[in-house]
Amino acid sequence: MITMEHVCKSYRVAKRNAGMREACKALFRRETEVIQALSDVSFTIQDGEMVGYIGPNGAGKSSTIKILSGILTPESGSCLVDGRIPWKNRTEHVRQIGVVFGQRSQLWWDVPVIDSFELLKDIYAIPSYEYQNNMEELTELLHLQELLKMPTRQLSLGQRMRCEIAASLLHSPKILFLDEPTIGLDAVSKLAVREFVMRLNQEHKTTVILTTHDMQDIEALTKRIILIGRGRVLMDGTLEDMRRLAAEHGQAAEASDQNGESLERIVAGLYQKLDIL
Amino acid sequence: MGEKIKSSGKLYFHYLSVALRSAMQYKTSFFLMVIGRFLLFFNGILGVYFMFSRFGHVKGYTFGEVLLCFSIIQMDFALAECIGSGFATFASIVRQGEFDRVLLRPRSTILQVLGSQFRIDRIGLIFQAIFMFAYGIIISPVDWTFGRVMTVFSMLLGGTTLFISFFLLRAAFTFFTLEGLELVNILTYGAQEHGKYPVDIYGKKMMKFCTYVIPYTLIQYYPLQYLLGRTDQWYYGVYPLCAVYFLLVCYGMWRFGMRHYQSAGS
Amino acid sequence: MKKYKTYFSFFRIRFNMGLQYRVAAVSGAATQLLWGLMECLVFMAFQKSAPEAYPMAVSATVSYVWLREAFFSAFTTWNADQDIFDSIVNGGIAYELCRPVSIYHMWFAKTTASRAAGAGLRCVPLLAVACVLPQPFRLSLPASPTHFILFIITLFLGLGVTVAFCMFTYILAFFTISPQGLRMLLTSMIDFLSGAIIPLPFMPDGVRGIVELLPFAGMFNVPLLIYSGELAGAAMYRSIGMQCFWLVTLVILGRVLCKAAERKIVVQGG
């Protein structure tokens, strides 16, 4: 179970202004401003749940993921993942979670994928029989057979993403964080990834937390959605709840339409109406 | 405990083997780099040679003696860069967000950063340093007793440790700022470049600075005095091993920096 | 005229980018100050060991060291523009080829700009400090007003020669898969021949005679020796002539090679 209660986090960033004069000024004095990344974020996620975590860029999604995965310590509030405080006892915690960043690779660029997997086996100290089982299952479900012998740099984005997901699951984590896993993928790869995540959640009861900008991901995978904007949780409910919220904000006409593209429009409308962009 | 060390050792060599296989993917580039390193160092030696052919000696040190000093320091540095280059290039690891991935894995961060990069092309420098060292032995009248041979090893061990400590220190600063790291370079690249001459030629003030602020004379000047037979105090040869204390201090800084990173975000 | 405006705006962007890194600039200057002090100490130690063999005035060596540190980022060949290399290696150059400006001129402007910006930022604090250091480390005044003016002129000529040479390393990247290693070879060679390891007057006379005929001597060796008056009279004018000759030759050669490289790109489709 994952619980977050009243979590706050702010950053201090340097202001940088354009122009020659401003740049010269910055040589002597630098202004900083405080950005509130998360303010009073609370939610609870049960074991085996699949949750979509959405919001515009800079809303605080990745800060939340970072806190839950133990990379970042919040200023205030409490956070428990299966009874552990993520940023205390880091090694213990991260052994139980898997994280996929859609924009970054965790595989070793110049060696065959299988070599990366072998290295991960040593890093996570995965017992041989468990590794063997997981490899067999992942290879079959994600169709990796052909890819394992290729160096990562030669893979297409879709192929690489399948390998990335497999790499994050080799140590059988109980919780999986997916950060924009379908970004830039073609239709076939997208479907394959979605289908796999669905199955993982159903068969292994893995808790999945998914951040994405692709509303079709949300529609296909998650029953529950947490909407975040400007560091606050604005809605925590089902897809229907979100449609209702949109309707309240005067988007009734489009809400009846049931396909994914109009969902995109609803969300875009919501972002604007809630003024969180 | 023993189990943990064994598993860490195994992982380290696994990282090394992946790095080797990666390097071999770009053979031409790799060998050109090795040759490049080889020649780059040759520059330095040629410079020293020209200086000596004009002046004959500096503060009583002959060309052969300086060559011994120079080649040991170069070897220290090359070994440190080869082993510790994950820390030497740590700024780019942080900038690209790769350090988050390190934190996401259930292993010591030190081990992972060490394993993230091996500058195997530094082998060019090491070869060159060995040649130069051999030539230095031939042209300088050092009487190679057991103690002196051990002193060379202790200088190598201590020097490499000291340079790795500097890299670690630099990496620790990276957690606070990605700018302004250049000043720490004076410790690493500065010491490599200017360490070719024994510290005492730079004068008394520099000697004090390099003894009390950074323990640089301990790995270079003092053991060298014993090596070249300028003193009978054998324990000068043990001084380099003090670098381990410096390493511990730098490790503390690293821990401190990492906590800051986790609270400040990137 | 409009064309030059384009080049100028490249120049300005680079200059602004350089200005942004305040802490980096300060710490860089401090590093160079320490570095320069160490260099001076080495030369002084040799001078004390055998004063009769010292080839120039000690104060001239000190000036040489400070000026080289001050304009270091303008003249180091290693400091080539990484963006440009990246664009060649990853194919981003396709965009640049679409722009209605000559690649050679654009890169020349870009490189000159980032070098001038880097050096412009660094030289001021460093020179200011070097002028008030206690003797014998103080940077002395130029030998004469004429020498100072010629120093400024040859400094820019030297920058031109350096950039013209850098252009070769870019062009080389078109023809090799791994520019890194070759670049290192070139750099280490240039470092030595331009006087970055030891000033040219410290080289044995035979070697020095040959090295002074090469283009590398015209990078910073000439302006720095003119400043302190070590290079004067007929020898000075001959050196300036060599600088001009190499600048023109290298640019012409570079443009020819660049055209060939562009053709290669078009044929291979990047």
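All chains are identified by letter, namely A, B and C, in their written order; residue positions are counted from 1 within each chain.
Going forward, a residue touches a chain if its C-beta (ideal position, glycine included) is under 8 Å from a C-beta of that chain, and two chains touch if they have at least 3 such contacts.
It should be emphasised that the depicted structure is a prediction, and the values quoted were computed from it without experimental measurement.
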| item | value |
| --- | --- |
| Comparison of B-C and A-B (more C-beta pairs in contact) | B-C |
| Central chain (by mean CA position) | B |
| Distance from chain C to chain A - Cα centre to Cα centre, in angstrom | 48 |
| Distance between chain centroids, defined by C-alpha means - chain A, chain B (Å) | 40 |
| Geometric centre distance via CA averages, chain C-chain B, whole Å | 29 |
| Per-residue overlap in chain C, given as positions that touch at least 2 other chains | 22 |
| Sequence positions of chain B contacting 2 or more other chains | 26 |
| Chain B - residues contacting chain C, complex | 26, 28-33, 35-37, 39-40, 42-44, 46-47, 50-51, 53-59, 177, 179-183, 185-186, 190, 193-194, 197, 201-203, 206 |
| List of chain C residues in touch with chain B within their complex | 21-24, 26-28, 30-31, 34-35, 38, 41-42, 45-46, 48-50, 53-55, 177-178, 180-185, 187-189, 191-192, 197-198, 202-204, 207 |
| Interface residues, chain B side, partner chain A - complex | 7, 10-11, 14-15, 18, 21-22, 25-26, 97-98, 100-101, 103-108, 112, 262-265 |
| Partner chain B, residues of chain A touching it in the complex | 9, 11-12, 37, 63, 66, 69-73, 87, 90-92, 94-95, 97, 99, 104, 106, 108-111, 115-116, 118-119, 122-125, 151 |
